[in-house]
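Letters A, B, C and D mark the chains in the order given here, with residues in each chain numbered from 1 onward.
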Amino acid sequence: MTDPVPEQANAGDPPLLEARDIVKRFTGVLALDRVTLSLRPGEVHALVGENGAGKSTLIKVITGVHRPDEGEVRLAGRTAGFADPLDAQRAGVQAVHQEIGLVPDLSVARNLLLGREPRRALGLIDTRRMHQTAARTLESYGVRVDVRLPLRSLGVGAQQMVALARAVSVDARVVIMDEPTSSLEPREVETLFGVIDRLRGQGIAVIYVSHRLDELYRICDGVTVLRDGRVVHQGALADLDRLRLVSLMLGRDVAQVRSEGVTRFSGAHEASGRPVLEASGLTSRHLLDDVSLTIRPREVVGLGGLLGAGRTETAKAIAGVLPLDAGGVTVAGLPVRRGSATAAVRAGIALLPEDRKAEGIVPTLSVRDNIALAALPRLARAGVVSDARIDRIVETFMKRLRIKATGPHQPVAELSGGNQQKVLLARWLATEPKVLLLDEPTRGIDVGAKAEVQALVDELAEAGLAVLLISSDLEELVEGSDRVVVLRGGAVVGELTGDELTEEGVMTTIAAHTRENAG
Amino acid sequence: MTTEQATADTPVTQDAYAPSRRDRTFGLIQRHGATAVLVLLLLVGSLSFARFPTGENLGDIAITSSFPAMVALGMTFVIITGGIDLSVGSVFALGGVLAAYAVRWGTVAGLLVPLAVCGVVGLVQGLLIARVRLAPFIVTLAGLLGARGLLLSISHEGATTYLIPHGTVLARLGQGHLFGLGYPVYLTLVLFVIGGVVLQRTGFGQAVYAIGGAEDAAALMGVPVARTKVVVYVLSGMLAGLSGALNAARLSSGVTILGTGMELDVIAAVVIGGTLLTGGAGSVSGTIAGVLLLGVIQNLINQIGDLSSSYQQVVSGAFLAVVVVAQTYLSRARRL
Amino acid sequence: AKSEKDQQTGGGGAQAGQVVQTPTGSAPSCTIDKFGAAKFDPKSSVIGFSQSEKEANPFRIAETASIKAEAKQEGIANLRTTNGQSQFSKQISDVQQLIAQGAKALVIAPLNSDGWEPVLQQASAKHIPIITIDRKINATACKDYVTFIGSDFYEQGRRAADQMIKALGGKGKVAILLGASGNNVTTERTGGFKDEIAKKAPGIQITFEQTGDFAREKGQQVTEQMIQSHPDVNAIYAENDEMALGAVTALKGAGKKAGDIKIVSVDGTRNAVSQIVSGWIYAVVESNPRFGPLAFQTLSKFLNGEPIPDKVIISDREYDSSNAKQSVASAY
Amino acid sequence: MSDTAVALPRPAGARTLAWLQNYGVYAAIAALIVVNIVITPHFISTENLRTQLVQVAPVVIVSLGMALVIGTEGVDLSVGSVMALATALIPLYLGYGVGAAILVALVGGVAVGLVNGSLVAFVNVQPIVATLCLFVGGRGLALVIAGGRLKDVHDTTLLDLGSSSLVGIPLPVVVAAVLTVLVAGVVRRTTFGRQLVAIGGNRTASVLSGLPVRRVLLLVYVLSGLLAAVAGVLATARLQASDPSSLGLLMELSAITAVVVGGTPLTGGRVRVLGTVAGALLIQLVRATLIKHNLPDSVAQMVQAVIILAAVYAARGGTGR
């Protein structure tokens, strides 16, 4: 392994990493079109663009996952051309990929240390030391778990932290982070920024991909804006203001972007009537403790809390997929059969899961079939589906959500993350639900699409839906919700409405209870 | 490590994340469900049949199970990577025929030739699976046919059975006893211990699990996916060949009709042992329990005595169902 | 070419029992003392019978039934039977288990001739007499086992060839439906047939040989393919009756008439013999499965101290148009 | 930017490549037919065509059910035993008429499917071991029912099912064709069909989407059992005998191979009905070619291995692991 570059970076240094005229085609898609990018030691470089712009693809080319069709990758002035990720890692190029890229069934410790486990005599793995090292490392990232548990038992956010810790804790010269914060809490984000600052100090170059613009401005030096696989802007981030950046990404002019504001929530809807959703006393051992909440039509209720607070579990419990020890759910006054997702869907409950890949998309199916999936019974007569009706609904939603695909028959696995998210949203909207449970709905979605999704949530609420919004993006949570219920350790610890409903308010509620119970 | 100092002011989480005792017991049973069922079955067998718990009978079960066990060891590795090896039955038979054929050049040849040839069979399969990216099921199905074809051509369409002469070291290896147990039993135990250590305590073992758990992620984490897969199939081929060779030594001859249908028994044993066919999870201790379970079931059916062959099959299928259901219930993972 | 002697050996009734061929190998010489076993009373002892294949074809059904019936008749209360289900490893462990269960004598229908080493070792350590039926074990008689009772498969092949030569008048093209690959029976029935044809009828060519796995369906399918690729074949030698019957179905399906293609097979099942009557099959060489009487008779002789020959070859009958009609009832 | 879904164009070259990957099995069949026309005497004849189609019909029917099961990321090892069970049941009930006998045989298949399906859907047993139980026990049961014996079948109506033709097409082939169309229709046009591939593609997502996962799984195994029973009935009619000891032996391997060669990945989430039929045809052609050329078993097995690999290689990309 190579040693990290020790000295501080300065402008005169040669580029540490360079991508030159990279072209990458997939069957039918030109994902990268002569993309050039160069990084100096100690530079934190933002890579931004709409969903499907080619960010992840560029990263995969740099780390040897994909072979470029044209162009070359150079490391410290020499042609690198990594054959595979292992090759890249040996040369000191580490990446945290967008879809986490860990092995869910392996234990946390093994995931963290895979390939560099502490050894004993005979080269055998020293399990005890491995667990200690892992626990210690993770604790420094604010994650305290039993590292012997399989990774899958952690929430997405904690998994993300494990992936980060893994990438950063080896000798690296370049660290690439593809949307590392998409499911992190403010607190974890701070931890992460601390880490990045340290990397910068050690002369390590960082490529940082995120759809959260304020993060970019806080830590990035340079920026590359991609649109449809082409570089549309490159330079220092400080030279670009936010509006200009967004307009570059979206390819729209500044004036138009300005008129659209930060979040697209209008807050125009007014909750009314009897609650559609009433969840009472939801209890599941170790996970949920007597959680009750109600949502009225035209109301957006936010769920706040730290990672592992039980927000996802609450949503899953309502959707009938989490085995419950006690408690129940009614929709429009009618009880929903417990532990049956089918019954919940039929009652009008829709859950947009947080883990898109594992719980959302069906990768073998087309965009069309993915969209139609949950609504099939409605689109069929006597069990025979009507292609015409499906086509109509699919077309409607592909337009309405502006899903970027070669067509309805493109395999959904080929779409960019953001577009996959839109497909899932379309799947649920097609069922015409009464209650919409959104678990991190804008996770990994670009600014344009994010605004669209937010507007859509607004619009849906206005149209009479009851919405439960789970988001790690506090701004989104506060702006989007009429009311925020705060969870901790699987129990409700507070509720904020009206004037209390501010980012600070939510933070204090969480923090108060955390401190209170920490001892 | 480049991260030294931590931002560890207040930890985000509480001790709720430490597993409860219940969870840990649960995990223990989950990992050893097959063993639990095996113990149960041994108890039932001992109580029901006086002739069952004798040293001689148990010794018979041990030696009879040792050959499929070796094969199952290789299969465990294969299945944990998310693959499957249907060729093992044919390769097992091929190993035996080769050993009997090659023993004319000495015991070493009698062991090395089958190991080498069967290893090559595994290598070819592994390359086709890992490099050419063909489906393991199909590749090893072709291997099943190919290895059987090879065996038939060596033995003149099965007309010639090569013998392993009495008194050769090879024959003694297969037939010798120590404390009432055949040598192959000890060898099997040693192989399983090594297999367990390799799987749990080496980088290779970690790679095997990682590939089965999420192949793409494993590749992203820098696991040498293709190489590991190739090695796993070579291992499976060699273990099947070794098992066949030792079995031939025990039988003193390279019997040509062995091994048909063996692949399903072995796969069943591995899966009953708690290894997931989808890959990523499993253990060699489970596998040995699985193999013994099948052996004990067979033995118990014979203890019953006078069943016609058809009833034997029915009973054996029913037994299997009970065992499989029991094992599944015991090791049921919590979903979602 | 019949060397039949009317020495009925028990069983009797309408069903034809086995007939010992004369001369029966070398002179009887194996005694219980020479073998080294101790005397015991079979009626009160555990006797083990290990069958090789499922009782799912007429031969195995008749064989097992005959053993069981005879044991009952002899008053043997403790007959333990196992079935190897066509898996050789299983049969080996079956027999070991019989030994562990205290069997005093073993009757074995081996699935394979080789590979009996562990069983023979265990048995000889306990001086358990073994009688193998229908297939030989490749080992030393009167040392590793007492004796073998059964047909001579090679001879069956030769006799089938003789029938074939008669059917074709010494000239023509023959297809062989082989038994399962790697099986001793297949090997010997093929060897005997081919050797005899080569020796006696150079005018007969064997132009096609494919395995039918001893099963009717496979025999039918292979024959269907053969009819089209080798339309000039005049005769079929099927290594068991089931494949012959499959061939008959195939020929019927292809619009052939009875006797267009001569079929000779081995086994002597009732179905096959009745097809001789209807003209579809030319001749069948019998392989008599009723081993019970002969096996237990041999065992009791042995236990009485009488000398036993190292092999008891039974004389199988032949069925053709001359005797098929009267014999259908006595076929198995 | 307009308000339409953004359509990205796909070049023609990519389409050809994708076609070849998806339809390699058809290319392999075509190649094999050409080779046979050149090297095999009497290959092009209606009799030969008939023989191949009639022989492959039961395999096709079983493979259809297998394709559905594999689509859900499962596998059904018990199909051969179901055929044995069906064939064993027929002679018992022929006395009540052909219809009754066939009905009972089919019910037998459904019963096996229910057991398999329950184990998989409700007990969560891995499909390969769940169906292994009846793979072992089913044939035993068939033999018990049949008293271990092969029985000749003389009922002319039943025999007609195996040997008569409809406008020149043998009846078993007609049945297989009709069932193919039906199954293709189920996969393409019904809720059930869409749901089963979704379950195979991502079971968790299917649960979360509210699909009746268990019901669908149960039904899939029932269909597989039913189709195997149909194949058992046809095979009985053609063999003119009920032979539970050997009917359908190794059928599970043939069927799985047909399905996989036809482009359905064992990892589930996709079902190729026509590909499956083509896969069965390909295997049939390979076997026929080897038999017709009278190759010894050793060579035949090795050649078969190579051809299967070649076919899958050609269809690579369509198959998963």
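To be clear about the criterion, a residue touches a chain if its C-beta (ideal position, glycine included) is under 8 Å from a C-beta of that chain, and two chains touch if they have at least 3 such contacts.
Quantities reported herein were computed from a predicted structural model and do not represent experimental measurements.
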item: Which of B-C and A-B has more C-beta contact pairs; value: A-B
item: Inter-chain centre distance, chain A versus chain B - centres from mean C-alpha coordinates, in Å; value: 41
item: Rounded Å distance between chain C and chain D, as computed from the means of their C-alpha atoms; value: 36
item: Mean-CA-position distance for chain D and chain B (Å); value: 29
item: Junction residues of chain D, two or more chains touched; value: 143, 148, 204, 207, 265, 296-298
item: Residues of chain B touching at least two other chains; value: 151-152, 157, 308-310, 312-313, 336
item: Set of chain A residues in contact with two or more other chains; value: 321
item: Chains that touch, pairwise; value: A-B, A-D, B-C, B-D, C-D
item: Of all residues in chain D, those that touch chain B in their complex; value: 73, 77, 119, 123-130, 132-144, 148, 204, 207, 253, 256-257, 260-261, 265-266, 296-306, 308-309, 312-313, 316, 319-321
item: Chain B-touching residues of chain C, taken from the complex the two chains share; value: 51, 53-56, 80-83, 85-90, 92-94, 96-97, 99-102, 111-118, 121, 138, 180-183, 186-187, 191
item: Residue ranges of chain D in contact with chain C within the complex; value: 40-42, 45, 47-48, 51, 55, 143, 148-150, 152, 163, 235, 238-241, 243-247, 249, 288, 291-294, 296-298
item: In the complex, chain D residues that touch chain A; value: 1, 3-11, 14-15, 17-18, 189-192, 194-195, 197-198, 200-202, 204-212, 265, 268-270
item: Complex contact set, residues of chain B against chain C; value: 51, 54, 56-57, 60, 63-64, 67, 151-152, 155, 157-159, 161, 163, 171, 175, 247, 250-253, 255-258, 260-261, 298-299, 302-303, 305-306, 308-310, 312-313
